[in-house]
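Labels run A, B, C and D following the written order; every chain starts at residue 1.
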Amino acid sequence: MKDARRPLRSAIGWSTADRIGVWGYDLTRELIGRVNLGDMGFLEIAGRLPNARESRMFNALLVTLVEHGIVPSTLATRMTVAGAPEALQAAVAAGLLGLGSVFVGSTEAAARMLKDALPDPSADVSLRTTARRVVAEHRAARRFVPGLGHPIHKPVDPRTPRLFAIARANGFSGRYVELMKLIAMHAGQAFERPLPVNATGAIGAIACEMGLPWQACRGIGVMARAVGLVGHALEELREPLASEVWHRTEDEASAPIRGKLRRNARTAGRADPARRR
Amino acid sequence: MKDARRPLRSAIGWSTADRIGVWGYDLTRELIGRVNLGDMGFLEIAGRLPNARESRMFNALLVTLVEHGIVPSTLATRMTVAGAPEALQAAVAAGLLGLGSVFVGSTEAAARMLKDALPDPSADVSLRTTARRVVAEHRAARRFVPGLGHPIHKPVDPRTPRLFAIARANGFSGRYVELMKLIAMHAGQAFERPLPVNATGAIGAIACEMGLPWQACRGIGVMARAVGLVGHALEELREPLASEVWHRTEDEASAPIRGKLRRNARTAGRADPARRR
Amino acid sequence: MKDARRPLRSAIGWSTADRIGVWGYDLTRELIGRVNLGDMGFLEIAGRLPNARESRMFNALLVTLVEHGIVPSTLATRMTVAGAPEALQAAVAAGLLGLGSVFVGSTEAAARMLKDALPDPSADVSLRTTARRVVAEHRAARRFVPGLGHPIHKPVDPRTPRLFAIARANGFSGRYVELMKLIAMHAGQAFERPLPVNATGAIGAIACEMGLPWQACRGIGVMARAVGLVGHALEELREPLASEVWHRTEDEASAPIRGKLRRNARTAGRADPARRR
Amino acid sequence: MKDARRPLRSAIGWSTADRIGVWGYDLTRELIGRVNLGDMGFLEIAGRLPNARESRMFNALLVTLVEHGIVPSTLATRMTVAGAPEALQAAVAAGLLGLGSVFVGSTEAAARMLKDALPDPSADVSLRTTARRVVAEHRAARRFVPGLGHPIHKPVDPRTPRLFAIARANGFSGRYVELMKLIAMHAGQAFERPLPVNATGAIGAIACEMGLPWQACRGIGVMARAVGLVGHALEELREPLASEVWHRTEDEASAPIRGKLRRNARTAGRADPARRR
């Protein structure tokens, strides 16, 4: 039986009485006080510390996704605080759970689309032709092209030019960024409306430039948003809004059915049931 | 009815077509490319960006808690990846859920103990007397003093001297750090064994020095560990260990009951049920 | 090293090629098609199947807690569906996370209070005196007595008389139920307002009558509410409300800060930033 | 602005001072004490109470999925208990999070495959031809056919004949069950190994027979497993195994890297770092 066992391996961390190792670095001597939290994020994804340009770029990607005010994930966090104020970690976890295909997943989808279309960035292929093909394929499959357009930020997502400028300044503005822009241009023509690159498209493209796997892109969003959700959980403890949102929603959502109930009660000669609040 | 409504308020974020505001800062112009992820964490807790010393100190606190190799929370993340590899956010959330009273909660407990014992750090009280009183109270209530001792890191938690050195270098080594050290000394005497300040005790004390509320301490651990859990989720996708741990545990945990079942089957003249693996 | 290992044990389940065991029962022959989901819940908590009276009673406790319409936990589930419609399990998990000290935890607190006050239900003590002491202790500690009163259901929580009637009919209306009622009476007098036993108080008392440990009470709520949250997740997929709640909340919560931003922009001679929606 | 608002609607629940409504039923008079937890699950999915046959069938589906001993999801729950014993709801949530595409998701995939292949069960089509086409399509796309085969339960999953017998006895053994069996037969031929219908395939087919939408199938697994996970969380509190699994895994997984560290230390003339445990 024992021989059938597969060995367990992890390259990430280990401890001895006087040392803690993280991805081959000595935590105490080489990481604490020397690197920032974003660098640790790069280390967890790439297995090595970033150089100065990578550090600036990767922290910029993370900072972009930390916070966007009241959104579904921050509301899930706040609703959880209302019921379990003693478990802040559960409130943050509740908020992370919605980072799926609709909101933060588009970063992953954009990176995957680019890597699939251009597996080798140094390959001698026309980006223009590639972009046209990608858009045509999405159109034929009636799928929406990830990383483009935004319901609020129009005509331009203000985060995109900023991220692309930082990418240029740090040597991460190569063929994936170019391909993403060309896809946006062709998609705009094909779908006949402006479809500029949004923040998740920019982040997906820059992650490809940095050599990160597309699977890591959702992780970038998760790291960043966990930081922001802590802020919302703490604000909810100080200045709650969950309870008021709950009561207003419940009042309106069940009003028709409650009204019917009241009418039935009246018909039946019973007193009108008192309404809450 | 409408008058009864309480207004909804959040100071954290807002968006217009061309701007995104975060805690009073313009995300694009003032944050992306200018600050690191740890600074964003400080901003979410304190409502303002840190100065250079605060940035160094707060990033050091976060970096300390990102990673500790295979621990219960990273195993929960890896077990979740095994079942839902398509939902990285859920795997990270599963790992965060165990950051309760046993593991990361001790940071919160240490900070709360210090703030309760010394609400005003400039008060004219003897820290020695305060420390003795705190230890005596915990002893009388048969409660364990938070932030002291470590099962692996003996006689000293290597993270503690490093954190205290950074605190000294950046002006965060005041009366809360001193009180924490005095509590460790008195606890060691009272419980008759070495009880040095561990990493969570150091972080709790330094958070008090920085003026952060004790409620924020669990948030520091949650921000940091979310970053580390992304690394474990991605390693599990590349090099899985969850499945092997599951099978070994299942084999051993149900062996006695399975043996009994087999014996019953034999007695009953039925074939010995084949064992898995 | 090996000798230092503690054995791993679980009495819950096991599998062979042709059988699955659950708490000592053969799943296929003794459980599927023979018992209902509530009986399985009793089995998981008590380690044996319920008899007919226990089955009726325990299912009644569970049915009571499945559903209460739009509440914070169902809103957390719905917010998660909005972001990750592909991960229904994550949406239900998000809703469960808020079942903490405020909402479902009071069942646990009521059961614990009763067990602490009356560890042996057959002990020769006056329930009246015990009830008076319990209320006095809570009053002295300025703590709220769990299981009493309700913001909506006044003057009586309609679930309570129903649950107590079922308890009577099935032999679970003993001294814990009596003690809970006496505590309500004394609390009403002490706090000078009607404080009838609410559903969580009734469930806590009946769980004590059934010999269940107080730790199991939160589990009853979690089992029940998981069933209800599936209903909300599926309704949200068919008829979404999360997105509308989000936009209304965001609009109102960030209006003051957005207004300020607009005034600053005007003063600076810049165009009035267009508002969303 | 107000006119742009979409109304909020939910048909599930509502409350007045003396009544609680759930899916059109009066909770106190029509549900508590009259139906079991499985019936409530049917109500949440179908919007009406089941008849007697539906109740038997649906409870059988649920009971099948409650418990399978030590598996990844129960280990995630137990790891969470180790860190946050005070938050049972979080431990159960952690276990639910892994019910994704690999484990419980296959029920959903099987149901979806059947509904896609046979949208109208009364249509005049050959099930044999349909089954052959479904298998051929999966083969061509190199996709695995959901609901077939099992690593442990060979040659037959013992739950399947039991579920199919209950389906027959209650009038739920129609064309979807037949199609599922034919798909298994053709898949066995095409892939040249026995691929009998497993429990998730049986549940998916029976759910189609009952007229439930395929989206509900993951919900059935989530309801059922939440009940089982409460059992594991409570057993972990009484008889912990998470900590031992953690230490063994950590020891083995980081042994190579720790060995290297020790050798480096020796070479450098430093003392051999003491090993933990």
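In this text, a residue touches a chain if its C-beta (ideal position, glycine included) is under 8 Å from a C-beta of that chain, and two chains touch if they have at least 3 such contacts.
Worth saying up front: this structure is predicted, and the values here are computed from it rather than measured.
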item	value
Rotation angle superposing chain B onto its copy chain D by C-alpha atoms, nearest 5 degrees	180
Centroid comparison with chain A (C-alpha atoms), farthest chain	C
Chain centre separation in whole Å, for chain C relative to chain A (CA means)	31
Inter-chain centre distance, chain B versus chain C - centres from mean C-alpha coordinates, in Å	27
Centroid distance [mean C-alpha coordinates] between chain B and chain A, Å	22
Residues of chain A whose C-beta touches two or more other chains	8-11, 13-19, 21, 69-70, 84, 86-87, 89-90, 93-94, 97-100, 104, 152, 241, 245, 249-250, 253-254, 276
Interface residues, chain B side, partner chain D - complex	69-73, 75-76, 79-87, 90-91, 93-94, 97-105, 151-152, 241-243, 245-246, 249-250, 253-254, 276
Chain B-facing residues of chain A, complex	1, 4-6, 8-23, 27-29, 31-33, 35-41, 43-45, 55-56, 59-60, 62-64, 66-70, 74, 87-90, 92-94, 96-100, 104, 152-154, 156, 158-159, 162-163, 165-166, 213, 215-216, 218-219, 221-224, 226-228, 230-235, 237, 239, 241, 244-245, 248, 251, 277
Residues of chain B defined as touching chain C within the complex	7-11, 13-19, 21, 24, 84, 86-87, 89-90, 93, 97, 249-250, 252-254, 256-258, 261-262, 273-276
